[in-house]
Structure formats: structure tokens, C-alpha cells
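Sharing a structure below in C-alpha cells format, with a few things to ask.
Per-chain residue numbering starts at 1, and chain names A, B, C and D are given in the order in which the chains are listed.
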Amino acid sequence: MKKIISLEEAAKLVKDDMTIMVGGFLGVGSPEKILKELIKNNVKNLTLIANDTSFPGQDYGDLVVHKMVKKVIVSHIGTNKETGNQMHSKELEVVLVPQGTLAEQIRAYGAGLGAVITPTGIGTVVEEGKEILEVDGKRYIVEKPLRADIALIRASKADKNGNLIYDKSARNFNPIMAMAADIVIVEADEIVEVGELDPNFVMTPHIFVDYIVGDDK
Amino acid sequence: MKKIISLEEAAKLVKDDMTIMVGGFLGVGSPEKILKELIKNNVKNLTLIANDTSFPGQDYGDLVVHKMVKKVIVSHIGTNKETGNQMHSKELEVVLVPQGTLAEQIRAYGAGLGAVITPTGIGTVVEEGKEILEVDGKRYIVEKPLRADIALIRASKADKNGNLIYDKSARNFNPIMAMAADIVIVEADEIVEVGELDPNFVMTPHIFVDYIVGDDK
Amino acid sequence: MDKNKVKEIIARRVAKEFKDGQLVNLGIGLPTLVANYISHDIDVTLQSENGFIGMGIAPKEGEEDPNLTNAGALPATIKNSGAFFDSATSFAIIRGGHLDYTVLGALQVDEKGNLANWMIPGKLVPGMGGAMDLVTGAKKVIIAMTHTSRGNVKILEECTLPLTAKSQVDMIVTEMGVMKITDKGIVLIEKNPEFTVEEVQKVTFAKLIISDDMKEMEI
Amino acid sequence: MDKNKVKEIIARRVAKEFKDGQLVNLGIGLPTLVANYISHDIDVTLQSENGFIGMGIAPKEGEEDPNLTNAGALPATIKNSGAFFDSATSFAIIRGGHLDYTVLGALQVDEKGNLANWMIPGKLVPGMGGAMDLVTGAKKVIIAMTHTSRGNVKILEECTLPLTAKSQVDMIVTEMGVMKITDKGIVLIEKNPEFTVEEVQKVTFAKLIISDDMKEMEI
């Protein structure tokens, strides 16, 4: 059985200077409750790996607003003007990565691969300073795997052992982040008994999950 | 709607000299009916990409027995002595690949990646003649993506549009092969109406499937 | 021309490119409108890169599902022939060449097929999102945009803004016409009858090659 | 010693290594037996590399499911806490370091931690299957085997057969004892009381370092 912990306990696992991955796509499918709790703790100098920086006033978008983040590795910042502001004032380092590359970099770490060999970004600024690998006469960028100390993810259902099911487009980066962090904390909309999820349809096997957060009790 | 075709029509799509991928793990989850039909056609000089060469007397194991294959790219041949015999008599070229590398090579083609960068095989004969990529001081083998002209796969359920669900350990290589071939033919244990499969639990989206074979009518 | 009419002309024309059974990704903004003009006689599957295929029409008010949104985080629906997947699979579809068309807007596009649509240094840095993968991976890339933007010419000999991808654009559709990117340059294959060739050329900083069988664009 | 007793001694000892909550992959043959000796006080998850975690005991006759087999194609079961996945995910688990232990047999193993267990040139070429990924990716590699095979010594200074992986073996468990691979060589940490150190060394072609607190192996 995995440890079911409170929101407070979950948020406390995130400490200054950590690298965290947060699931979600413009906030959809992100662990909102854990993030709300985390913001209360006012942790500092985080490196945030996510698809984007969401919107100000919600979920991981507010990590930036509250200046808890020193560096973001994301594919898009256009929906959170605070990210752009802090980037221009040099308070925040912004690393922009093509979305598909970002997804594969996270998957590559989880899968024990040494690099991602992608055509995306060839001929653009994205290739600058990076190693190029030629395969059968075609040029590819060598992108390194991405890992995190903690992944904060969101599932629609978790059994008490940590098997997960996601709902619709809220799945997005959650399953791959579950494989790429030392500690994985899932915020589940519903916690069910072991045996209630059909093994054929589990989306993240329980071995990837360390802690489950249900409600605030 | 995808074309639902007969076993005969399906088997006829496989022609001499083609590279084919066949789903299954020691025969479990392989498209047995299509293979039985294919063997009647006595196609020649196939290149077979599969996890193994199964057992003589069944499914893709019999493609080797009937000398329809000139080359196999597999992780294991120990269960089919005919493979070993033809290898020793030089009738058959056998390329042995670590199972995880094989899976990633197939996935890499489907995902448009230029290569697989794996630690598996370093310090063994597997690395011989291959490019080595060093990432942060660690050595990895550069393995090239694998594609096929046709993938023959097996699903437990297909809707009439080609969305697929696999059953238990019969899933294995089927979903990744569905993404790595020019033409994908699925043998479905059951064909259901569009709408009967929950989009959240579809394992292979219909866009990867070209033809569905149900029964022999 | 009326702004909405301009958008409609462009979106309607792009939609004509699609064939039965194809998979298409429509970018946010103007390209999204293309969905409204796809013929009902063909079955075109729309991908939403945040993780599904089979995107349907926008939901009615009150029927939005917070877990079902498009790549712009707006409420979406899925057809009963659709399927959800994670981001790695979504971009495997895109990068792996399984997408027949991607339709995107542009800041600049040039006669080599280069595209710039993700940043203006020092000014606008939203990030590339999925655009670089889409333009690199899709079989065909269609740029759907107004011919100029606030008087600025966008079709150039060579892009000056940071590129999204090199030599990947196949076609440009604007309210003035339809252009194909070829080895020889940009060929005008259809023209809005409200404009002369000279008028189109005037707001295009790449030399237009006029197709021998140039057609009138439906407006 | 009775063959079955030998196997039992080895399997029982290997099982003691596991801790609550760990994920383990057991190779076919002798390593499979280890499952029978895992303490009921701990929850150990077994992976089957053909595509699931949570492997249970073999099914009763008549209850076999053709779609549920282990990596040797034999009928298997899954616990209700298990999960199925495809081969790419299965090896992502293996290669990605998510596996706490892999237990495999060996043709040869040496004092550098090198392992040979997939081919004998010109004789036996079954292929590596998942072994190379397992040995490369698992956090700990345990070799479970009879100390010798038909009189042939298998624990060597240096493997002569083609390697499965270089410097990956952590522990060797045989019916004669338990050995750890260290930077200094092979350390005998437990010994079957039925044998003397000299007897063990005689059938081991690498110099055994005898641990200061060598224990008696439970037999």
C-alpha cells in the first residue's frame, strides 16, 4: 500500500531549490490542491518543468506569480504575463522547448535512454549550442533527458496502491512525469480500493507512485 | 470508416520481398488467422520484425518453417529450432536485438525520432559496428529506427473505424507496431460499432489502422 | 473587406484541401475556424495536440467539461470515434508523420518555405508550444493568415524573425489568394477576383510566379 | 545434493534480499522459483517483461487465459493490484531503473561483475531476449544458479563467452554460498555449512575473498 498523505504533508515534501515537474496543459489536469498548499509554504528557487506556465491566479501559474521559481523549462509562456515580466527583469530564467521535445525528454529519462534524437528545431535557434547527430544523412538535435526531484501530478482515480487513471485531455504530461521523478505525488479526484481498477486499463502502474493525496482530512 | 476486409484480402496485401512486423510475444497476441492465410500464399523473401520467432507449427513461427522469410530481426529465437537450423545453413539471416532496444526502435520510427540512444548492449557484441554517442560522460549505442511495409497486429476489440483495445499480455508489441508501418492490418477478435469504445480507454487510435479483419466471411 | 469575411474566405479555402480519412491539426486563432467549413461528405479527423483525436464542435454553454479542452484551454468535445492519449503519444503522432495537414498562422513566411510564428525578439516571446513539432512533422503545412498585418508585409524573400522551421511550408492561403511553395519560388495558383495580380504582388515581398492555370478563388 | 533441494536453497536465499514495496523481475528457469519463497510479511511486485506488473501464482488447470502468459509463454495470473502495458513501457520500466532487482541465471559470471548468459558461439544462440536490458537497467542484479554445471566452473576471473552486460552483477547465489561482487573482487558472505571454504574455492576460478563476518547459509 502507498502512503496516503494530507495536502499539508504533500506540500512539505517540496523544498527550496528542488526541480519539480507539474502535470497539466494550461492548467488542465494539474494538481490544483497541492499547488494551492505549496504556495502557502512560500518555497523558493524552484526549477519548474511543465508544458507551460499556465495563467496567473491559478495552479502552477501562481508559482511564478509568487516568485517561487528561479527557472522554468516549458514550451509556452504566452498565457502568463508574469512569466514574461520576470524574464525581462532577469528574475526568472526561461528555457523554451518545443512541446514534443519536452515530452520526449521527460519520457527518455523515465525510460533510461541517453538522449532524444529529434528533427524538431533543426534550422532554428533551438539547435544553437546543441550537439547534432547525423543519421542516414539527415540532421537531428541531441536533446538530453529531463528529470525532477518531485513530480506533482493529477489523476481522476487512484487505487490505494497507486494505480492511476486519468480523465480525457487532463491526461497530457501526467503519465510521463510519473516516470521521471525521484518522488511522485499524485492528487487524485477519487481514491478507490485496490481491485476496483481493471489492470488492463490502468494508465500509470502503481510502482511509479510514492504518495497519494485525496482530500484535506 | 476503415475498410473491413476478408482474411484472403488481408493476406494478399503481403507481397514478396516486403518487410513485415508481426505483433505477439512467443505467439501470444499475434494475428493467427491472417498468418495462417498468409502461409497458404507462400510469399517469399520476407523480412520479419517481431519479438521472437515463436514456435514451429504456429503463427509467425511457421513463416520461418515454410521458408518464407529471408531475414528476421528479433530478440530471441530459442523456441523455434527451425530458425536456428536455417541460420546455421545460411538460408536465413538472423539479427538479434535486445528486446527493449527492439521496442524502442519500432517506437522511434513511429514517433519520428532519428535514433534510439540506449545503454543496453554497451560492452557486448551488440555495440560492434555501431555508432557510440557519449552523453555526460556515459556511453550509449545509437540504434536506428525500424519500419515496415506492413504491420500485422492483433486486437481483442476494434470499432469499425479502427480504434483498438488489446487484452492483457496480448498487448505487447502490437500498439507500437501499429505506428511504424506504411499499412497496418488488424485482426480483431471482436468488431464493434463506432461509439462502443470509450475514447478514454482506446489503446490504439484509429488513425493508425488501415484494414480490419474480423472473421472469414 | 470585412474582417470576418476575410477570415471566412481563408478558412473556407483551406478546408477544401482535405480529403476523406485524413488527420488534421488546426492551430489556435484563425486556423480553428477551418473546422466550420470542412465538407460533410468527407470524414476528416481533427487532432488536438494536448492529447486527443476526433475533436468535435465546441460544447454548448453549461455542457463544458473541465477535463476536456482544446490546445488553447478552451472547452472542447470529442466525437464517439475519438481517442485520448498522453503528450508523448500526441507528439509521436505529430513528429512521426501521421498528420496529413497542420494549419497554422504566421508572423512571416518566405519563398524557401521557411516559417516564423513563435517570437519577436525583445517584444513577444510566447514560446513555440507545439508549433515547431507540427511544422516539422506534418506531411503538409498550410499557412492560413491575412495577407498583411497592420500594413506589415508577411510574405517575404527571407524571414527576418527567428524561424519555427526551415523549408517546411507547402501552401499559403490568404484573403488575396492561394500560393504554393515550390523549388522555383512562390506560385500564385488562385487569386481573389477582387484584387489584381499587381495588387497582390505589391503586398508580397517575394516575387510571385503566376500559375499558367491560375484560378479564381471562391469568395 | 538433491537437485530440487539445490534449487530450493538458492531460491529461498534470493527471496530474502527483497524488501517491502520493491519491484522484481525473475528470469525463466530457476529464478522463477524465487517467487515461492518471498515472505508473506512483505509486498513485493513481480514484473513480467512481456507486459505487466503484479504477476501472481500460476493458474489452476482449466483456468488458463491464452492472453495472460509470463515471459516464457506459460499461463500466468495477475493480482488485482497489477497493471498491463505494452513492450515499450515494459522496457522503459526496466531500462529506466524502476526495477529494484532482476534475478537471472548465468552461463558464466566473473569477478568484474560481467555476465554471460545468452549464447555459446557455434552451439547455442537463443538470443538475448530481455536479458541485456534487465541486467543493464535493474538497480541490483542477482545471479541465481547452480555453482557448477555438468562439472564446468561458471564463476571465473574473466568470462570467455560473449557478454550479456559489463560490470552489472551485484550478487551471486548458488547452493554453496552467497557472493558479493565488489571493487576488490568476489567476497563470500555466506557459505553452505555442508561445504568448506576450500571446497567452494575449488569450483570457483576467481579468487574468493572471505568476509570477516561470513555467515552460515540457511539450507
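Everything below uses one rule, namely that a contact is a pair of C-beta atoms (placed from the backbone, for glycine too) under 8 Å apart; a residue touches a chain by one contact, two chains touch by 3 or more.
This is a predicted model, so every value here is computed, not measured.
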Joint neighbours of subunit C and subunit A, given as chain labels: B
B-D against B-C, pair bridged by the larger set of C-beta contacts: B-D
Approximate Å spacing (C-alpha centroids) for the pair subunit B, subunit D: 29
Inter-chain centre distance, subunit A versus subunit D - centres from mean C-alpha coordinates, in Å: 35
Subunit C and subunit D, separation of their C-alpha mean positions in angstrom: 55
Multi-partner residues of subunit A (at least 2 other chains): 104, 107, 111-113, 118-119, 166-168, 199-200
Residues of subunit D touching at least two other chains: 52, 78, 84-85, 88, 91, 94-95, 137
Chain-level touch network, classified as line, ring, star, complete or other: other
Set of all touching chain pairs, with the criterion as stated earlier: A-B, A-C, A-D, B-C, B-D
Of all residues in subunit B, those that touch subunit C in their complex: 1, 107, 109-113, 159, 161, 163, 179, 194-195, 199-200, 202, 204-208
Partner subunit B, residues of subunit C touching it in the complex: 23, 43, 45, 52-54, 78, 80-85, 88, 91-98, 137
Contact footprint of subunit D on subunit B as seen in their complex: 25-29, 51-52, 74-79, 84, 87, 94, 96, 98-104, 106-107, 118-126, 156, 166-176, 203
Interface residues, subunit A side, partner subunit B - complex: 104, 108, 111-119, 133, 135-136, 138, 140, 142, 144, 166-168, 199-201
Subunit B-touching residues of subunit D, taken from the complex the two chains share: 48-52, 65-69, 71-73, 76, 78, 84-88, 90-91, 94-95, 114, 125-133, 136-137, 162-167
